[in-house]
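Each of the next two complexes has chain A plus one other chain: chain B in the first, chain C in the second.
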Partner chain A sequence: MGRVKLERKYAVWGWLFVAPASLMIFILSFFPMIQAFILSLQSGRGNNLRFAGMRNYLRLLEDEQFRAAVCNVFTYLIIQVPIMLILALILATILNEQTLKLKGLFRTLVFLPCVAGLVSAATIFKSIFSIDGLVNIMLLKLHIITSPVSFLSDPVWAKAVIIIVITWRWTGYNTIFYLAGFQTIETSIYEAARIDGANAAQQFFKITMPLLRPVILLTTIMSTNGTLQIFDEVRTITGTSGGPGNATLTISQYIYNLSFLYSPQFGYAAAASYTILFMVAVLSFIQMKIGDKE
Partner chain B sequence: MNNAMKKVRPAVAFMYAFLTLIALVSAFPFVWMALASTNKSVDIVRGRFFFGLNLLENWSALFSAYPMASSFLNSLRNAVVGTIVSLFVCSLAGYGFQVYRDKAKDRLMAVLLLSMMVPFASVMIPLFRMFSQAKLLNTTLGIILPSVSTAFLIFFFRQNSAGFPMEIVQAARVDGLSEFGIYLRIYVPVMAATFAAAAIIQFMGVWNNYLWPLIILLKKEAQTLPIMLVSITSGYTTDYGILMLAVTISTLPTVILFFTQQRRFVSGILGSVK
Partner chain C sequence: MMKKGSFLGLALALGAVLVMTACSKQEAAAPAAATAVSDAPVTLTVWCWDPNFNVYAMNEAAKIYQREKPNVTVNVLDITDIEQKITTALSAGEMADLPDIVLNQDNSIQRFVQTYPDAYLPLNGKVDLSKFAEFKLDVGVYEGKNYGVPFDNGATATFLRRDIVEQAGFQVSDFNDITWERFIELGQVVKRETGVAMVSTVAGSSDFIMLMLQSAGKWFFDDEGKVTIKDNPAVVEAIKTYKALVDSGVLLQAADWNAYIATLNNGTTASTIQGCWIIGSITPATDQAGKWAVVNTPRFANVDSVNYSSQGGSGWMVFSSSKHPDIAMDLLNKTFAGSTELYETILPSSGAIGTWLPAADSPVYSEPHAFFGGQKIYEDLVDYASKVPRVKYGVFNYEARDVVGRAAAAVLQGASIDAALDEAQKYLEFQIAE
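And now, the complex of A and B:
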């Protein structure tokens, strides 16, 4: 066989190798995205759908459940993501300390929560915070409260429990990324800074933070995307109803309820689902702009 | 020197105290879950925090009152089949993108990476309609299909293939090995560590997946562990001993994988971030 013929044969094989995976992503991810958009312009129950233009989107603006869901998700986002990422950054800084003893053990324990399934983690915390759960038992024994608190049916506490679960489950996960980020920083930079008289805080803000910027950006975008779509933990802890007075309802949960719990309104649910896509895109764009500033 | 040591000590003590606290908080739910699974529900709500003698009773109650055995087997089958198929499809693509690299394929890879930004919530309704038309509801294939090919895994394999020497490919071609033969006989064994890391992440992903199975598994016989866990807690009264045994059984495989394969688990999570 001639050289050109051989090259052509290899090229065909190359495309054959990448084809199945690529086709699947197009069929199972990009194509449904277009379908969801078309669906969002239709309204009706079940499979009886009619073109409705922008009516679904306008209806969303006045939908109180949807508004509650958006508010809840942003509450989770604004409170939980910063707490978790700062905690992970501190943990990674400590775990990266060269003089730290029992480093392997500490790392293992810090990473451990990220092997728990979201439903398993939420189930454990739901039990611990239930009306006859461990937290109430402890508080009663310590005489901090006189009667058990029903954490899961209180609008503020229910949100707090959900934030606790997410933080418990994902802090170690983000620590893994920061620790990997530290591996790319040469220790000699810190030595030089120390010789120049920089204290620990200065080293952290002047060296660590700028050099970790790409990793911090990545974890921020991942956490934001995850939180905007949050479903498993909330449904496990406060059930299908969305908690006391919709206090914990999330956008994903509302989409699920609209499509699969009540009599299905696929078009309306698709419109709600497109708002998540929109928010993910906008927030990622803003974060990238801020992250790339310098 | 002495002065400096004295100054450092409180900071170091604080560092260890903080780390110990976090480590305890991380481990506590697992310990509580394991202890509770051996106790009677009445003792658990009294705050008992030791091993009990009720494990066997919880076990038989769990397996007789709930479809525990079938849920476990369903989860296991989905996770094993899902992992094998996914590893094959994604590694083949990652290999193709790296070894047969050209401008067009790089561009395709960039487009595929965009799919990582697509929230699952915004495709789940069309996917459900597509799958119900294709009669894939309640099937293993239906469960695994959306997560078989992910840009994350393809990219993971592509980046890790960068260290795979082209000389081997050329030598194998001279020896008369087919293109697929090179992938199967040389690439797969050489990249065993990458495959192991990807397998752990994919297995855990399918094993713990909740939303998609919840949508497409309408039959009780097909339900998976996370779905069953939620159904145990949604009753009016919960037997904590039985519930925590079910959670322990659901968590054990991933915990064992983590303790035996921690390094691979970490490299799998990081994917191609370096």
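And now, the complex of A and C:
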């Protein structure tokens, strides 16, 4: 009897403590999401909104700029996320090496880019890749090119620069997750493997990777989510128009332009936002199906 | 222990609720304040964005107005992302935090008034708008009513490095009253003789295309607001000319605005073609004093156009949420639309050239400018301003700018002009459709 009472008490108190935060999350996060969905079913400019059903979503399918933005974002995603995660895994393996000296220093160095503001990082890369920037000066001095390359006004190079920025900024962040993941793997497993004659590569692929799977899954979902919503870096490097042409435009940038730069179409912009949610949900679901066998 | 715990839990829950109700209460209470009586102290808030330019000008205007109405205090704020802030406030229907007066870019006045028709007050009858240059007034007209008091002049000119073109064997006057074709020819010689690019711009911007269009009195839309890109000879010619400028190496494309300003200040370009407000960014390079000159803007050879255009510029607007709309409009009427003294004060110190025509008669406008080798540049620029063709920017100006900018980028990458403009026309029509 006393035990049931105590549990009840715990439950009541538990709920009471969770309630304020939950309430805040509901009001500040879920409620706007519901409102945004209702908004996405309306069309019109400024505040002259009318109910439009699924028209905004259908219109998005025909919108070249939106299509270009989706293509760009998926290009970033498909190229950048694997590169970044493999790099992070390699860095984490090196940093986890028992014999490595100055471990603290290297860990700090790897994580340091993460402390840089997104906009400052992007601004610095923009100047490095500008027509009179560091990269051009170096290539000229090394006689690899004869005249400066305008990286940011070339559709392919501009994308490459953005991929480089995101990779620089976020690799350290993911490395830390992997490092933390490594600490959960028993060293005795490796010892046993060594006794059985497994080499370093075998240890990595047969022990480290499978045991790290939950962390890899987490970082993949987080990176996918982050890349689909990318805004700051592109906005800083190629401006509001996402140029040259549509070459670097992202979905978030297009949403911003629809709301604040162009004659405002908040319903249409909300519909575009919901497509990101949809894409994140689908991609995460696929990744979880593939990655999480349990 | 129990007591303490229960109190904490309750306080947390209550705290959250209180914070939220407190916020909304405050906002609701604000608009209830009483309308001012004539002598009661009144504070007007003004939003603009450049401390050395329009913030300064509004503060000077406030000083002049205060001599007559000492009870009026003007609080001028330097606001970044001004259009985004206004869009957010107006869309949320939360006008209490908006200022009384705002400075708005000429090219988006009509967009704001059309999108939020009740947010701005028409100025007709309250502000004397009869003495402004007509092309500047036009950009602030919506459905026959005026919503903008013109502020700075956007008349374009070619700002030229006298020393560099002379080194290439030319005179400054060789660049006056010329066509773009001639400009490119001269630019190629300048590049060959001095190694300096003739002119610079921000990569991917549509500035050149837009100023070329206005020089022909054409825009991306006709008077009914229909898209006219594809079969518009001025647009075709502008894109052709832009490509020729880039291909000939005459035009240097800077990565962004700061890099563009740097090309002017560090001597990597022999000129810039820009709205005359650019003077404010040229003159800080004191080592170049006396080396600059001003001539008019190139025109098309094959399309009917003039050597005058406009780029940028802005106007003052009054929000309907203002608690003292009459005082706000009176302030504008007595200063920007009625005080020669104001323009005489702000011109020499900030280079803000107004479009209020009576000010041009002031002797200050005919003073030689030492930085420009003693040329009477203000007199020239006011003269240019009076000859700028009128165009209607319309509501979808930014959409058009980006679409045409993309077409230009595609053409620079090798696409055919017809195909690129065809696509631009189709896409813009899609974008502005309801």
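In this section, the second predicted complex is superposed on the first by the 273 of 294 C-alpha atoms of A that agree within 3 Å, B and C clash if a C-alpha of one lies under 4 Å from a C-alpha of the other, contacts with A are read in each partner's own complex, and residues count from 1 in each chain.
Everything that follows uses one rule, which is that a contact is a pair of C-beta atoms (placed from the backbone, for glycine too) under 8 Å apart; a residue touches a chain by one contact, two chains touch by 3 or more.
Note that the coordinates shown come from a computational prediction; the quantities given were computed from them, not determined experimentally.
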Check: Is the arrangement of chain B and chain C around the shared chain A a clash or a fit after superposition?
Finding: clash
Margin query: Just to be sure I read the superposition right, which of the two partners does A:C71 touch: chain B = first, chain C = second, or both, or neither?
Written below: neither
Note to self: Just to be sure I read the superposition right, which of the two partners does A:Y10 touch: chain B = first, chain C = second, or both, or neither?
What the structure shows: first
Check: Of chain B and chain C, which one contacts the greater number of residues in chain A?
Finding: B
Note to self: Quick check for you: in the superposed arrangement, does A:S153 touch first (chain B), second (chain C), both or neither?
What the structure shows: second
Check: Between chain B (first) and chain C (second), which, if any, makes contact with A:I145: first, second, both or neither?
Finding: neither
Next item on the list: Considering only touches as defined above, state whether A:I286 meets chain B (first), chain C (second), both or neither.
Entry: neither
Next item on the list: May I ask you to decide whether A:G239 touches chain B, chain C, both, or neither, giving the answer as first, second, both or neither?
Entry: both
Item checked: Common interface residues of chain A - those touching chain B in one complex and chain C in the other -> 13, 16-17, 20, 24, 126-127, 130, 132, 239, 259-260, 266
Margin query: Looking at the complex, which residues from chain A come into contact with chain C?
Written below: 13, 16-17, 19-20, 23-24, 27, 43-47, 62-65, 126-127, 130-132, 150, 152-153, 155, 238-241, 243-246, 257, 259-264, 266
Item checked: Residue ranges of chain C touching chain A (in the complex, touch as defined) -> 5, 9, 12-13, 15-17, 20, 83-84, 87-88, 90-91, 93, 111, 114-116, 203-204, 253-256, 259, 395-396, 398-399, 402, 405-406, 409-410, 412-413, 427, 430-432, 434
Item checked: Residues of chain B touching chain A in the complex -> 11, 15, 18-19, 22-23, 25-27, 29-30, 32-33, 36, 45-47, 89-90, 92-93, 95-97, 99-100, 102, 105, 108, 112, 115, 117-130, 145-146, 148-151, 154, 179-180, 183, 204, 207-208, 210-211, 214-215, 225-226, 229-230, 233-234, 238, 240, 243-244, 247, 250-251, 254-255, 257-259, 262, 265-266, 269-270, 273-274
Check: Which of the residues in chain A come into contact with chain B in the complex?
Finding: 9-11, 13-18, 20-22, 24-25, 28-33, 35-36, 39, 87, 90-91, 94-95, 97, 100, 105-106, 108-121, 123-128, 130, 132-134, 137-138, 141, 168, 172-173, 176-177, 180, 184, 200, 215, 218, 225, 228-229, 231-232, 235-236, 239, 251-252, 255-256, 259-260, 266, 269-270, 273-274, 276-277, 280-281, 284
